[in-house]
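Below are two complexes that have chain A in common, paired first with chain B and then with chain C.
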Partner chain A sequence: MWRDAMLVAGKDLRIEARSRVATNQVAPFAIVILVLFGFALDPDRGVLGRASAGLFWVAVLLSSLLAVQRSFAVEAGDGAADGLRLSGLDPAGVFLGKAAAVAAQLALLQVVLAIGIVVLYDADLGGPVLLVATCAAATVGLAAAGTVYGVLAAGLKVRETLLPLLLLPVVAPVLLSATRAWEAGMGISVDDGWRWAQLLAVFAVVYVTLGVLAFGALLEES
Partner chain B sequence: MAPVVRFRSAVALLGRFPALAGVDLEVGAGEVVLLQGANGAGKTTLLRACAGLVQVVSGQAEVLGHDLLRDRRTVRRSVGLLGHTGTLYDDLSVEDNVRFAVRAGGGDVAAVKPAMARLGVDGRLRTISVARLSAGQRRRVAIAALAARAPALWLLDEPHAGLDAEGRDLLDGLVRSAVTAGATVLLASHEAERASALAGRTAVIGGGRVLQRDAVHVA
Partner chain C sequence: MSEPAGRAGPERPFERTTLSEPAGRAGPERPFERTTGRERPTPATARSTGGPGTTLLGAAAWLGLATTVVLGWRLPPTREQGPYARLIAIHPPLAWAAYLAFGVCAVASALWLWKRTRAPRWDRLAVSSAETGVVFCALTLVTGSIWGRPTWGVWWTWDARLTSTALLLALFLGYLALRRVAYDPEARARRSAVAALIAVADVPIVHFSVDWWRTLHQGRSLAQISPQSDLDGSYVSVMLLGFCAMTLMYAWLVVHRCQVEAMEEALESEGLDVALEERRAEADVARAGV
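Up next is the complex of A and B:
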């Protein structure tokens, strides 16, 4: 399973490195979202600063849709999905590999967005340990849930419009928990941020487990 | 010796349509069998069922000793399907595509470069993205990936389509080499003359059934 996961993750990341969709489209899209929020709330920079954690995670969530769609779009071309099924790769390995590749892209995206909110919103990223731990748990959860719902939508003609409809409600707890944890980490609120981070970890464990168990059946139906 | 492919009254559905409506077919080890029939006769579905991509819902279906009604995943590492599409990744290079196919199938990566050289997709084509290749070159890459994997059962669906004369000869040579090495081949083709020269016998398919399965070719 781990060998297959490494193989699939390596393949997906190599595709992204060659096509540069993540760097030329997904990352700029995320920055555009931050800039648009800036335009909408510009008259009051205090609001931008206070809302920066939530705006950061909204941008991550919307960008993750593109990353997940891209992850399954590369399997849709020229019968590649048949190739993936025919390869005999362990479905759990395929799930872990695809989720790991999406997670790697999201992690890089979060670095770019973190710089973005510091520059554009004057956000103060104090408490880096909690912020990084939150990012790690949220990234795993988003990538795992995205990969589960991505393969579910992959075989459908309406996948581009269906995926957001399926995925966004499911990852709403990630948005809520990650925002609360970041607000605590940034000193915006006095909540216990680690409890929210723990909730994110539970979400990640649930979706990684679900993906490992169910991905094979979902891949057959896609 | 047990047959490589053994279908008895096998039924497979595409939606509610019985694309295979009681197929009876046996293919022995080392045989090359040509599937012939009109468009929509069930040739592609039969090949995809042999590859474990289409579920056989009733009857008996065994490929390489695997019961496809109970488990259609395990057999996949041992079969190679060359379908209408090439199962290639547009954004990967020629070599990366072939290498991934071989590693995913648990094959020997040492076979990658010789297979690419044999199909003429090495040299300057090696590092080019598949998206930039012509249809014929893409077909050659897909065949190179198949050859490098060296499956026990080759399932070829219109394998000569899109290939130039040299490519067709290369493919025929590859099939003969594979059979010499012990592989079994099931191919569907409308190019009767060329395909018949490869095959030992023909099975004629119509309406999702094998209408005639022992038309022996005289080489």
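Up next is the complex of A and C:
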């Protein structure tokens, strides 16, 4: 299973590295979101600085939609889905591999966005241990939930519009918890950030488990 | 929803018009299907979704609801909330019905996914229950909002209970949107069953996250049923009546909705055959005329 996961993740990341969709489209899109927030909330740096944690995670969530859609778009063409099914790879491995590839892209994206909020919003990233732990847990959760819903919506004519409706309510707890944890880590609030990080970890475990269990059935028929 | 006598009583409300039933048994025992005289009647041409059992259930549900409303209207106004406290007769029962509906949807989805209990009726029950639950959930938010405006001073507040209920509604709206997409029924059933279970797995996480986030909503309504409660006894009894009435209402709606789903499926699979036969018969008559 792990070997299959590495194979699939390597394949997806190679496709992204060669097609450069993630670097040329998804990352600039995330930066555009940050700039738009700046327009919406006044150039007053006080407001942007205080809201920077929430804005950061909203940008991550919206970009993750693109990453997930992209992850299943590459399986849609050239009979790639049939190839994946015929390859004899363990479905759980395929799930873990695809989720890992999405997670790797999201992690890179978060680095870009973190630099973005420091430069554009004058955010202060103190407490790096909590911030990085939050990122790790939230990224795994987002990638796992996104991959499960990605395959649910894969192959449908309306997948572009259906995926956000399905995925965003499910990952709302991630937005909430990650924002609170980041606010604590950045010294904006005095909340106990580690409690929120724990909740993120629970979310990640639940969705990785669900994905491993359900992906086989969904891949078979899609 | 007229209710002619059906062969299957209320104990088999979901199985009445399954496609596997033998054909050609039109007669007094299956009168809910219109006989066209030429070919065998099909679920696709059935006219009613009910039977005597559902008539009884519906009557009980409406009677219970009417009694709840009348008694609720006559409750004495409270000192703090004035007349608005009377919404307790409706609001918690609506929330209960929504939870019940989503719970039934999750169980039915699990039963469909489990190979040993897989049957089309579980899929039908899941979608019927989810749809009914969405209605109850929306009504919960509306009645709560109507109550919150005079009592809290706002239509909406970012309280834990409100936020998690709104997210629950959004989750199941997504589920219903997934169901609306037209594709192979088997694949649709599988995907939506998984989606329902994922949505349900999210509920406790949503609950904890918004509970830690902030909390303003009062405690559980059922916790008020104790001798020490400061809630008036008449309020408690009307609310309990509301719970019963809303449960019956839910059951009644789901039974009918399941039947509609069965008829839709039958229409999709058999309706075309029937139409083709009718066209051929017409063509034969026309040819004979020539």
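The rule we apply is simple: the second predicted complex is superposed on the first by the 221 of 222 C-alpha atoms of A that agree within 3 Å, B and C clash if a C-alpha of one lies under 4 Å from a C-alpha of the other, contacts with A are read in each partner's own complex, and residues count from 1 in each chain.
The working rule: contacts are C-beta pairs under 8 Å (C-beta built on N, C-alpha and C of every residue); 3 or more make two chains touch, one makes a residue touch a chain.
Everything quoted here is computed from the prediction, not taken from an experiment.
Based on the superposed arrangement, let me know which partner A:172 touches: chain B (first), chain C (second), both, or neither?
Second partner only, chain C.
Does the superposition put A:210 against chain B (first), chain C (second), both, or neither?
second
In the superposed arrangement, which partner chain does A:74 touch: chain B (first), chain C (second), both, or neither?
After superposing on A, A:74 lies in contact with chain B but is clear of chain C.
Tell me which partner A:11 touches in the superposition: chain B (first), chain C (second), both or neither.
First partner only, chain B.
Regarding the shared-chain residue A:88, is it in contact with chain B (first), chain C (second), both, or neither?
After superposition on chain A, A:88 lies in contact with chain B alone.
One more residue to check, A:24. First (chain B), second (chain C), both or neither?
It touches nothing on chain B or chain C.
If you count the residues of chain A that each partner touches, which comes out higher, chain B or chain C?
C
Shared contact residues on chain A for chain B and chain C?
none
Per the contact definition, I'd like the list of chain A residues that touch chain B in the complex.
Within the complex, chain A contacts chain B at residues 4, 7, 11, 14-15, 18-19, 74, 77-80, 82-83, 85-89, 216.
Of all residues in chain A, which touch chain C in the complex?
On the chain A side, the touching residues are 145, 148-149, 152-153, 156-158, 162, 165-166, 168-170, 172-173, 176-177, 180, 195-196, 199, 202-203, 206-207, 210, 214, 217-218, 221-222.
Help me check something: in the complex, which residues belonging to chain C touch chain A?
Listed in rising order, the residues of chain C that touch chain A are 113, 167, 170-171, 173-174, 177-178, 181, 183-184, 186-187, 190-191, 194-195, 197-199, 201-202, 205-206, 208-210, 212-213.
Can you check the complex and tell me which residues of chain B touch chain A?
Touch list, chain B to chain A: 51-53, 73-74, 76-81, 83-93, 96, 100-101, 103-106, 129-130, 138.
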